[in-house]
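Comments concern the structure below.
For reference, chains read A, B, C and D in written order, and residue numbers begin at 1 within each chain.
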């Protein structure tokens, strides 16, 4: 296993300590239980926005804490949802009296632990609403299964919802906006390589030099299908077509196009993918009016990409453009 | 070779097209010869700041073009310095009458091609000053060799010098600031894996599962030494000690600490390295007053890190803090 | 011989050992159809449970089970944390106040555990989850008890049935948990959670055997 | 027989073919002590040179050399672009105006090329660069010419000496170019630029041989 780490058992804590050192002006990092809060803590009268999940997806979620985005993030062990005690303490820390929104990615573990945390917080008199993100079209949605995974839309939702909370929307409105973003967003991802979970010590799966996995999530799990490598344009088509057809997005829609790297993908490749994705959407008459390109929701050092498309309605664009000041996303300030 | 590309021969052009699509508000991309300019072109009366080098180091340089940083970037073929015709056209495009600074990384190819470009530009009546960056302490400096490589300090110089030009400093002052940043900065890097140059199709070097390369540059070249893998803290010590002792940095110095990923290194590892680096500097009494953590000067998909330390003097801090608006670095706007 | 508080403490210690021995095995099972952390999660959780119990003097089997539940809920995370945590919590409630556990209490505890997991996770039989180890165990344990079997017989019936249920998950296509994301590709792999459940009940049966 | 404009055109075409054949070889040499692009750079440059010449009707050997210089300077980049570009440009100037080239002109052209490379790159002998192929070639060519050798003898002497110089670079520690960053680790590897230089002069000698 090749990683810049000291001890697999201390990866999360040491990375958190590094984040605290690197961003003293933006965040406070709390240990045992582990959570990150926006500098200054709860903003009185403002809805608190909290998210969390397993570690290994950096910069999500801790790198998205700050003005105009998340008030708190709860990092679990690598690829393991955090625990209710972390979520409860973080919820208390960021409740400004207007309640707290929990943004939960749709994984059994995340959902169950956030459920418990919400119960505990409500028991302490804190208003909590939870919205579950499930935008991954690689997984067929069904009442009889765990449903679709929450992936790229999470980053977009956290930005837009964070802005809504920042301007003073109440908990119901903030939660509604989060549901709307989730309803309007679809994603799909692929991998060129596996990642290695530090405590596992070897790659989660093996891919031949000429193979790729299509329809992966963000936990190094294998995808829906393994196939031969293809040129970037063909790969992007494989991801974008199901994304566009699932919502469906149609000609004339204004959208935000998010081309994401899985952690080990260099920007030069992301831009090649981005260029083709925007061209394909243009051919379909879909307007890309906002863009995000980079490694934002990752699977450790995995090489691969995901494509997320969000249909922008109402004031989503203004909320996207609103000032944000976090370690990973910053503009307008 | 596993990459999200279509054709090795078209990687640079397609990535440039993707950048143009992704950042229409920030940059203009010109083809044949290839160069990127800040939206709006030359700013009258302002010194133009231009840099360039081989591709494969993204976001440097093209992702650093924009208000408060570079006016133009010239991307060569992967790991191959650009050609004088690109540099000449870009220089003309960004000359606002106050002359143009060429920021050149110290590689034979870059130096020779920029020399020719400067001659050609001067022949056309444009004032050009060139500053060569050579901050890599892995390479012994000597009059009898090619000297030290230009690495991480380039990113810091481009930000600080770009801000100096933005506030209206003249060409001599801007060039002097660039020399000062270079004189005050030292860097060293290491690799866990090689990278694969697209037109080569296979890794530039092979590293065993338990080996690392210490003292690498940014072109996938092997380093000064190959050794057994070590824990993150030991690796950081190997990079930081020669960096600190070369200048030397001493107790009481105010510094900017830049922990950079080589392209395939996930943030979670960079933060672990950052945390230890800042701790070590604190033990030496060196104050870290500004920080940068991320993949900014890369070698394609290489996994590894580099550490750059800059001694902040005079108004360097103000220039670092000044507004910047580029694809890769943005604050204050 | 009924189950004493010490017996349950011994079970917790024994299971922690079994999980550590099987940590990599459970990680590999989870790597095939999940995210390669089940062994690490259970190991972290059981070590935390032991550490917590070291500082306590539980008076009843229920106290031990409640303490373990708290450790799993606060230290494990993932799907297994809340599910096993709920299982131990419901089991604790089912035998609350009892100094020792008779065979029928053991059946009640296992049943409550299974019901808690189903209540939280909403898994149906053959969804390829730990429920597919728990449910046959509950049925077999109940049958053994009504046949007048002692604690040992009840737990051995449970362990045998759980192991059978665990093996039965192999050909199935997962409908719950991460494995469900793989669709057809999840077939041909044994469910990690069903495996850790079978290991738990086998550890209990072995202890009962030791005592007899 | 003196060298005609057509001969120089043939040389450019022949060398372009040689470079394409040796593209991967030159890339591998550069991968060992550089950045794995020399073969790609030279191949890109020579293909550009051919394309440019296709649209031209050069009147003299000097015109051909100047055209190639322009292509290399504008299309190659890296260290090789300006160095080979300068070499061809200086060679062109050295034989400017001549319709055909006599042995002494050939020596003058090679000498000017080498001097141009040294002027730009400041490399000393044994710095492990292309200069270590050019300088022995210049000396050998000069000697052959003063011994009254013809174009073929002059170019064969140059090619033999360049190949020897190329092999001589193997044990040396590089002091210029990327390879110098490797320090001691650069020893034991043949310099890519010295290799592409030897290939150029060998291509020229082979052409001269063909004609005789």
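Rule of thumb we're sticking to: a contact is a pair of C-beta atoms (placed from the backbone, for glycine too) under 8 Å apart; a residue touches a chain by one contact, two chains touch by 3 or more.
Remember, it's a predicted structure, so these values are computed and weren't measured experimentally.
For the pair chain A and chain B, there is no chain touching both partners. Computed centre separation for the pair chain B/chain C is 55 angstrom, with centres defined by C-alpha atoms.
Here the spacing of chain A and chain C, counted between their Cα centres, is 32 Å. Separation between the centroids of chain C and chain D, computed from CA atoms only, is 75 Å.
In chain C, no residue reaches two or more other chains under the touch definition.
For chain B, no residue reaches two or more other chains under the stated contact definition.
Taken pairwise by the contact criterion, the protein chains link up end to end in a single open path, with no chain closing the loop. Applying the touch criterion to all chain pairs gives A-B, A-C, B-D.
Taken together, the chain A residues at the contact with chain B in this complex read 2-7, 11, 14-23, 55-56, 58-59, 63, 192-193, 209, 212, 229, 231-233, 235, 259, 263-276, 278-279, 291, 293, 295, 298, 300-301, 303, 305, 330-333. The residues of chain D lying in touch with chain B in their complex are 27, 31, 33-37, 40-41, 44, 73-83, 120-121, 124, 175-178, 180-183, 185. Chain B contributes residues 33, 54, 76-85, 107-109, 112-113, 115-116, 138-140, 144-146, 149, 197, 199-200, 204-205, 217, 219-222, 224 to its touches with chain D in the complex.
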